[in-house]
Every structure is written in structure tokens, then in C-alpha cells.
């Protein structure tokens, strides 16, 4: 798949400094720090309840952090509302299928472009290669929640990319997909990175993580347990221990 | 590849406005006081239901319509009592006063969703009704306000039955035009909020801005309905603006159909007329509303308008089959 | 001082009634996520069933109360099982279903019993003298029955497998279902339990207050207030809030007069909804 022309805007890097999130007395995230270079790809793994989705929620302004800073290209975006963070270029995808259910595929994409301020032919040109690659192009008139699950999921990813992000935060993009469908996630990630997008990917599918991510961090009970290349990190005893008995074990073995 | 222009009016918007244009002729078409009275109450019910409809476009069920009706009604009546009777002034006032109150109020209540929004609007209506009862010096308290001067249009008094109805029809037309303009212009935005607010926001939509706009306009339209009600009854009274009225307007909108602007209009027309024909058994209308509400919720989520649209689609289907598949019509969205 | 104590007794007696109503309301919301607009309807229905059982069938009052509980619980359970169940995850649809049911119940009562309040008085009359205080016996009986019902409900929810299953469903329906809880069976039971409590309250209280087809209107409003105050879905919160609402109502009517007490409650509830939708005491909350 070819990157669309003119898509690469001024790409920036995301920096998270000492991020913390507590709900009442419950510590969900503590002292999380990492950085994403332009076009970089960072995997985030960890057992359920480790705080992975909360991390995405905090970065995108859905929940305010209890401490720490989030910088985008040097600009402090901590505590900004979701729509503002999105307009600045940090866009997420969702774990469950997330489309505008009653709307057609075309309307879905058109809304994503309009809401992000990118309506017009350039926007469509940027998204077109993804629609073609996922087989969505011939189904533009179909209602999105009538599509097969896998396609709904890919539409969700496409919508996030349509919002013209500099940094994409993907929340378990492969969850619920058939094995054969999971390579589409690879395709998606490769495409958006080629367009200069930085990607943070939260994922349970360890094959996919190993395939895609040059670098991962392991979250456990809200703190960073380990960081480094997947082969190295996944061999560590404490990481394995964190996963023993955890739900992800089955997923990984599959 | 681009979807059609967002602000274009569809057939339903034009039909709604055309209907109210036609109603403008009714005062001169009949002298039957019963017909005039029913039409007048249909117009008021339709306006109130349009206000509910606007909020339902964003999946928000509002019980606050009577509160805004009261604000508009009392504001307009108080103006006439202080010598301002020109409708070109008091009609805008009946829109603006509740709209201006809705602006700061919206900032507070629009953060809530689902049942919490329902409950907070319910509480607002109860509070405003209590306040009306407890402020006799301003609002007449339990006596309400009566005996106020008739409104005037450029010096001409609008006090006979015909002019009262004509004024109601004109206000309803205005309400329909405003509702059609708002919901057509922001069709995609409102639909996105209705279907998946979280996704819309994460794609960059400033959700609160659209909700606030809808809330303010819905309040204004309710305010006009409130003035229209006071003008017909020749009094504004706290009991006209309680939870019961909130239920009625919601029933009109839901049974008529929440997916199309024609829904609340159809719902108000049908249900107001039916309760009128039940006459002395007026209380029984409530039971009928209840049954219809259950029925619509279970088997016809698009309400009357949705059912009619589905029927029309089925009748048209053989002809359309040859052409390219049409996009799903708006009315089909009633459920969700 | 006298006045103060008398108002206090009225307050606690009101509080006990409100607690029974609010417990049912909060159970339905906590477990099913449904706002039961028909709650006041079940209260009025309970009152009329008890009235009919006494005046038409000649049953003694306690049996009439029992009949009211059975009738309202059965209707609630069946309505949940056959109608609400289908749309239980759609908050707007379930509100419409319960609102519709309320309109049908109150119109049905009107059609059958007429708009006049029937002659229906509490079988126990008289007053109990305690020092210089006169306590109406009927209020004491109501208080005792309500307290017993609240205690029984507490045991049911916190000390039985049924209660554990209900609480598990309220916590996380998905997890509870995978662990073998059966919403298809438990939801109607919970709904029936809650509406039965409303019917019980109606049967006990309407002979003292008033019975009319629209007797449910203020009951619904009070249930709303209490439950929001205590935190939607919270059981302990509902009881505490009910007592507060009872006292505020009793004292405000004596010392403030008119609607001031109601206004204070409503404004408090408004502030709570805006600032802390989990209520004064509640932690439990469902996604809105």
C-alpha cells in the first residue's frame, strides 16, 4: 500500500512524564514516563487491569491525570479536553468496535474528516488507500453496524486515522479479530507509520506485538515493570510472573 | 465520494414547514370554535414536542420543557402587563428569556447523560414550579397571572379568537423553521452525538458546543409554546408547567417518532385531537398514551413517522430496485 | 419542645415509608439499570388492592396487605419478564416502558374505582400516651412494619445466596452471568421484589394518608429525591436518605411552612446531581 501524498504534516513527538492516576484511594497509574519519536512505534502490554486503557484515557483527556505531564511536540497538553487533544493530533481507537452505528461507511468517514477539520478531497485521498486495502471501498453505502465485526473494527481504525493524527493510540486493535484478519492491523500500522504517524499500541496478541513493535513497555498494577525490545523484555522472570495466572496467558499461547 | 452537503433540507423539513404554512389559513377557513380550539392546542403541543425532539436528536430525554415554557410564558405576560404588547417584541422575548437561562444552565446539566440527564431535567421542572408558587409578588403565586392586556401587532389588538389562533400558527411556523434549520444544518453532528458521543469527541467534535446550541434553541422554542399557551388560556398558571406536561410532550415526540421532524408534529396532532374527542373522559387519554408508548417502544421504534416512512419505502421498493441502493433514510433511525 | 418531638415522630414514620419505596426503586436501578417510572403506580395499586380486599372481599387488613404485596410483586415480575427484559440495556426504552405502565395503571385505577378517594381507614385507631406525648397508634404500626420489612430485605440482600446473586449482577452483569447467575430468572424476581415493596407501602400508608388514582405522583417524586440523595443504586444510602427526607419534610412543614421544605430538598438534589451524581453516601454507580 502506498502512503498518500501530502499526508505528512509537521510530525511531533509525544512525551509522557511521571503520569499518575488515582481513583479515590485506588492507584491505577503511577510514575509512567515514556517518549515517542516521530514515526515511532511503542507497544504497551500488561495483564488486564494493569492500567493500559486508563493510560490512553488520560493521554487523550478523557480522564484528568492525578499528576504528571503530557507533552506534544514540547507543548503541554495535560488536562486539555478530548476534542482539543484530538485536534492537536493525538487520536485514539477503541477496544470495542466503535463506529457511528446507524450511519453508512461513507458517512462515518465523512464525519471523521469533518469533525477533525479535514473535510474535502484531500481528506478522502488520505483515507482512500486504507478503505481499498480493507475492502471497505466497495461497501461505502452500507450501514456500519451491519458490516462483519472485523470490518467494523478496521473502519474504527480508519476513522481514527481520518482525523489526521500525529500520534495514534490504538487500544487492542486485534482483539476479537480472526487470526487471518489480524494482518490487517499490521498493514494499518505500517501505512500510518509510513505517513509519519507515531503509534502507541496496547495489545494482548503477543505475536502481533513481537512482529510489529521494536520496543515495548510492560505495565503491571499501574507501574512500568519493564521496558525494551520485546524479545528481551518478554524473557524476563518478573514479566512472566506478572502474566502467570493472568488472563493474557491464554491469549499469548494461542 | 464526499457525502452530500450537511445543511441541505430534506423532504421532511420542507413538509413540516409547508404544513404550518397551511395551518396559517385555518383561522380564516373556519369559524368553528371547537376546531379552532383543537388546532390551537395542537400547535402548542407541536411546538413543545419540537423542543423535546431537538434534545432527542442528541439522545437526551428532557423533562425540562415545561420549565422553559413557563419562563417564556411568564416573561411575555409580564411584558404585556408592563405595557409592552407588541408581538414583534414579546414573541422574541418569549424565545430569548428561556434561551438565555438555558445557556448557563446547559453548562451545568449537559455534562450529564442518560438517566442522570433525565433526572436533572425532571428536578428542574419541579423546582421552577415550586418557585412560581412561592413568588406571588412577581408571578402571582398560586393565582397565576390573568387579566393581562392582549398582544398587539403594529398597534392592532390581537384579541379575537381568529387573531389568537393566527398568532399561534405564526409562532408554530417560526418554531418549525428554526427546528428544521437547526436539525438539518447540524444533522451529521447531532446524529454523531446520538449514535456515539465518545467517538465523535475523540475525532475532534466539540460535543458540548452542539449540545448547548440544541439546548438553548429547544428552550427558546418551548418558551414560545409557553407564551402561546398563556395567550390561548388568557392566563399563565404554575399548574400548566409541571411534570404532567413534561410527560405529555415527551409522549407526543416519542409516539410521533423521534427520528424525523414530522414525528413530534404528527404525535401532537393525533394525540391532542384524540384526547379532545375523549372529552369528558379526558383522564382516559393518559391511559391511551401509556398503551401507545408501550406499543411504540416495543414494536415501532420510529413512532408514527417512522412507520409511515417504512411503509412508503416498501411501496416504492419495486420501482427503486432497478436503481442503485439508496442510503438508509433518516426516519429509519428512530430506535437506537 | 412538644412540637419538635411530635414532628420528629412524624419524620421517622415518613422516613420509614420512604425507605421502603426508595429501596425498591434503588434495587431496580442498581440491578437492572432501569429507572422505574411506574414505582408510584405500584404504590397506588397496592393501596387499591388492599382497599378492595377489605371492602369487597371482606378480608382482614393484614391479609389485604398481603394480597396487595402479592399482586404488585406478580405484576412487576411479569412486566419485567415479558416486556422490560427485551430492551433492558436501552435506558430510554425502559423509561418509556415504565412510564407507559404508570399511565396505564393510574388510568386503570381511575376507570375501576372512580376519581373519588374511597373510604379506607386504618384498622388500628387510637393513641399511645408516653409522658405528655400522644403517639398515633397507626403511625407506630406502620413504622414497625416498615422497619421489619427493611430488616428482612437487608437479610435477604446480604445474608442469602439470592441476595449475593443480585449484588453480583449489580456489580458486573457480564462477569456474574459467566459465573452462572441467570438474569432471565433473577431480573424478574428483583423487579417483583421491588414493586412488591411499593405495593406494601401503598397498602399500609394509603389508609392513613389518602387513596386516589394519582396517589403515585408524589410517591414517584419522593422516590427520585431519596434515591438521588442516597446515591442511585445504593441500598444503605437509600435508607439514610429516606430518613433525612422524612425529617426535612416533617420539620419544614412545621417550622418553614408551605413548599419551602420541598424546595430545599429539590435544590439539594440538583446540586448533588451536578456535583456528585453518586449521591451523598453512595459509591455504587452505573454508567450513565
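We call the chains A, B and C, going by the order they appear; numbering starts again at 1 in every chain.
Here is the rule we go by: a contact is a pair of C-beta atoms (placed from the backbone, for glycine too) under 8 Å apart; a residue touches a chain by one contact, two chains touch by 3 or more.
Model, not experiment: these values are computed from the prediction.
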| Chain adjacency by touch: line, ring, star, complete or other shape? | line
| request: Taking the mean of all protein CA atoms as the centre, name the chain whose own CA mean is closest to it. | output: B
| note | Per the C-alpha means, the centres of chain A and chain B lie apart by a whole-Å value of 42
| field | chain B and chain C: spacing of chain centres that average the CA atoms, whole Å | value | 33
| At what distance in angstrom does the C-alpha mean of chain C lie from that of chain A? | 47
| note | Interface with chain C, chain B side, in the complex: residues 59, 61, 108-109, 111-120, 122-124, 126-127, 130-131, 133-134, 243, 247, 250, 254, 283-284, 286-294, 296-298, 301
| message | For a test of understanding, state which residues of chain C touch chain B in their complex under the given definition. | response | 29, 33, 35, 83, 86-87, 91-93, 95-97, 99-104, 106-108, 110-111, 115, 217, 221, 224, 228, 232, 258-260, 262-263, 266-267, 269-270, 273-274, 277, 287-288
| note | Seen from chain B, its contact residues with chain A in the complex are 1-3, 6, 188-189, 191-192, 195-196, 198-207, 324-325, 327-328, 332-333, 336
| said: Which residues of chain A touch chain B once you look at their complex with the stated criterion? | reply: 60, 62, 82-83, 86-87, 91-92, 94, 98-104, 106-107, 110-112, 114-117, 119-121, 124, 128, 140-141, 143, 159-160, 162-163
